[in-house]
Amino acid sequence: MLSLENITNAVHEWLNATLNPNLALLSEFLIVGVLAIALFAVLGLSLVLMERKVAAFIQIRLGPNRVGPFGMFQTVADTLKLIMKEGLTPDGADKFLFNLAPYIVMIAAMMLLAPIAFAKGFQIWDINIGVLFLTAVSSISVIGILMAGWASNNKYSLLGAMRSGAQIVSYELSAGLSIITIVILTGSLQISDIINAQANGWWIFKGHIPVLISFVIFIIAVTAETNRAPFDLAEAESELTAGFHTEYSGMKFALFFLAEYINIFIACAIGATLFLGGWMPFHIGHWEAFNHIMDFIPSSFWFIGKTFFLIFLMMWFRWTFPRLRIDQLLNLEWKYLLPISLVNLLVVALMAVMGWYF
Amino acid sequence: MFEELGTTAEGDMLINIGPQHPATHGVLHLVMTLNGETIKKTEPHLGYIHRSIEKMCESLTYRQFVYVTSRMDYLSSHINNHGCSLAVEKAMQIEVPERAQVIRVIMDELTRIASHELWWGAMAMDLGAFTPFFYSFRERETITDIMEETCGARLTMNYICPGGVMMDLHPDFQKRVKSFISLFKSKFDEYNELVTGNIIFQNRMKGVGVLSKEDAISYGCTGPTARGSGVSSDIRKLYPYEVYSKVQFDEVLETGGDSFSRYMVRINEMLQSIKIIEQLIDNIPEGEFQAKTKAVLKLPKGEFYQRVETARGELGIYIVSEGGTTPHRIKFRSPGFSNLSALGHMVKGSKIGDLVATMGTLDLVIPDIDR
Amino acid sequence: MNNEELKLKLSEQYPTATFEEGGEWVNMFLEPASFITSALELKNHPDFHFDYLFCLTCVDWKTHLNMVYHLTSTKHRHAMVLKVKLDCNKPEIETVCNIWRTAEFHEREVYELFGVNFLNHPDLRKLLLTDDFVGFPLRKDFEDPINMIRL
Amino acid sequence: MFIIDYIKDIFKGLKSLLTGMRVTGYYFTHHKEIITEQYPDNRATLKMADRFRGEVVMIHDENNEHACTGCSACELACPNGTIKIINKFELNAEGKKKKAIDTFIYHLELCTMCNLCVVACPTDTIKMEPNFEHSVYDRSKLTKVLNRPGSKIKAGVE
């Protein structure tokens, strides 16, 4: 069977055979870079379209349906429009930081791709502290948002950036704590180890209620961390017009927009990896025939399917719930999510020590 | 007014909400003094769409001035027209046929439901939930279709005129209104499931923008804003006009005074309006739809005041006539103007998010405030 | 109280006031000098209890301006109209916005549209018009340079 | 007890959120509830209400005759000065001078579709048509002459 692992291995071997090792590594860098950017473009376009379609169906509308079949090229057309638009820099803005901010947000999102396993053996960098890397790098994007808000010389932007700062810093705690539950159960920070530990069942099934709780907390926390409704206070459009990116236009705005969707993808990919077994197919105990059929579905499909399921869940939240207020948002974190996840962590630790999981 | 907005001497931030802002639903301009996110002072600046309708009316005849009032509170244009027609009829002592009265009341109540539907959707959108807007517009669309069929327009109908109504009902009217009522009833639970019961929504609304009973009276609040604070102010009950004295309905009163009370008043008012329509729709008497009036109306000398209950509160029409074909002075006491004056008091000390929630439940329509 | 009783009671309370016939409610004219004390009394007197100012406006009669206050009571449910004649050239009257707070906005509106000066008003600025607007649009002698209707 | 209330709160909140999601989830899966009207595409089937007020037209019969006597009642009734009637005098069959309309000017750009002119017309000459697609590239195109060229007044209308 043609799997992504074989392709990467073949490319790796061919490059090492034809070029000297340094050049081969360099060209692998290049290939990975190009692939990452291509993935970004495809993901950005498809997620925006997906969001618009999901929103439309929930809101008893049709959504984009004029450009291409089912409006498939709508986002391409939008991107073309945004590229052609003038990128304005407001008077009195800190020009350097203003122009730098979208790239910081974008690069932070891009770096997160490194340790994610897209399919069996298809991973850019299987670093041994993979989960730590993810949590650490994902908090860099707040710097970009703060920078954008401050440099815009706009009060709405500043308020949005401040809200975003408070929000991301606090929600990182419970996101981290719920990730740690899986780390405790697995005993490893490496992504491939975590996935392999789920070969006989995903953590969400194996780990009983405590893991389910930490999964729910994780979903809530990453929704907040990616500034999505109902936690989109940083860009709360009825309060702060557009929050931190009020003053951005053209391609710089598009970068923020794209980074938001990439962040969603990555957050959901992490969720899928940790709780839903990454690329691991769905297996039920000893039903050999069923398990074999499941194995026939390529591992990349499993991964993408799980990730998109989580993305859909986040979109569903967005188009259903009203927005929280800033103090309620922090209340939710400090009074509900944090205590619960701390208690939950204790329970999971006990579980791991006693071996009370399948 | 246009001094450079920066920070105050105390180091508080000054920020403009509006005139172009998603939460103000029009060109309302609020200058806010903020301490962080906490509101210290709110100062409305009005007049961006002031058309001086009162001055315009001084040169329009009594038949013509009715249509202008559709442009004040465009969401309850029927009721505005109704009020003006009633004022003229009161002055000229025109007896309106029973049929016209019933038609007018049905139209008023349909307008009220349509207005509250729009408010519900727009308010949910203010709070960041976009979907309710589309659900509410689906039902509102049915009403506007009914209006379009009978009155010939969807928003500024100019259907009610001095003496009765402009044309007779469309033959399908009763059938369509009944189908609307059953549609509305089947969808109404969704509203509560989606928004009213939602924990986030309740937290956003409860205890926000509190207006005490005394303040509501003192600020001259009317309509759902006053009734949310426990002030009985329904003109339809207190000073019944047309056939409101003959139909059974309750004045919805809540005592909380916060945004959630105002919300519940409006939600329940929709049900009361449905109740009124249900009582009337099968009992539209036969007969003329318009009283015989002269082509040119001349009001006797004197002062006439007519109050009606629009979707937003009490609309007062104060006509000073010198006996000619045009009024000497017309004053429209619009509900939004007084309700807005209470806003600064209500949001003091709360967050920006609360401002949006409070403004949403005040249901401001800017042309109504600016006139 | 119905209109007759109210009128009787009012004329006992305010012997200097004059009354005007016609209209739905009792029309009472007061002198600008005694206006503010009477207004306060109208609100606080238990028999009147006019706590709700539902309309405040002004009418230009060319010779004079008439301030018109429509009052009602949320307790007794009776209503009255309070009127004060003002001099056209120097219209001045005490503010009522510390009695009925709704008056603050309404008085600002009357101030800019009729040019009535409200004494002791906390924040008497233009509300609707631009700061540099000249003239008082709702006065009868105001000619609008651009009048769409008479074009 | 505090802890029980705390947990109850959480479950109540979660339940309310799930109820909301059920409503939106229902619409997401039931595409027949979609109410979008694909406007320019559905032009052929789009039917406006027959009373819809889109613009004022003058009724002409098959002989290119209308019923307008030029009495200016509509002009007076109009609140915006939308209608302007220019009259001329023409000789009728008996050689008498008779008032008739020369041009019936209608400013669509000023019209608010209030229907007062139609109500005011004593001979039911004008009516409202449900045509709503009025966009043009030049504002002057919105000033229309309602009486058709060569049209004349119907016999017997005074």
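Letters A, B, C and D mark the chains as written, and numbering starts fresh at 1 in each.
Quick note on the criterion: contacts are C-beta pairs under 8 Å (C-beta built on N, C-alpha and C of every residue); 3 or more make two chains touch, one makes a residue touch a chain.
Predicted model, so just to flag it, every value in this text is computed and none were measured.
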Chain connectivity with subunit A absent, coordinates unchanged: one piece
Smallest count of steps, each to a touching chain, taking subunit B to subunit D: 1
Chain of greatest Cα-centre distance to subunit D: A
Higher-contact pair (C-beta pairs counted), B-C versus A-D: B-C
Whole-Å gap between the CA centroids of subunit B and subunit C: 25
Distance between the centres, which are taken as Cα means, of subunit D and subunit A, whole angstrom: 51
Distance between the centres, which are taken as Cα means, of subunit C and subunit A, whole angstrom: 63
Rounded Å distance between subunit C and subunit D, as computed from the means of their C-alpha atoms: 41
Residue numbers of subunit B (touch at least two other chains): 60, 131, 138, 194-195, 198, 200
Shared interface positions of subunit C, touching two or more other chains: 149
Residues within subunit A bordering two or more other chains: 58-61, 319-321
Subunit A to subunit B touching residues, read off their complex: 55, 58-61, 155-156, 159, 163, 229-230, 232-233, 236-241, 319-328
Interfacial residue positions of subunit B with respect to subunit D in the complex: 60, 63-65, 67-68, 131, 138, 141, 145, 148-153, 156, 158, 161, 166-167, 170, 190, 193-195, 197-200, 202, 295
In the complex, subunit C residues that touch subunit B: 22-25, 27, 51-55, 57, 59-60, 68, 70, 74, 77, 81, 100-102, 104-106, 109, 125-131, 137-138, 144, 149-150
In the complex, subunit A residues that touch subunit D: 54, 57-62, 65, 316-317, 319-321, 336, 340
Subunit C contact footprint on subunit B (complex, rising order): 1-2, 45-47, 50, 52, 54-56, 59-60, 215, 217-222, 231-233, 238, 302-305, 307, 314, 316, 318, 320, 328-329, 331, 333, 337-338, 340-341, 345, 370
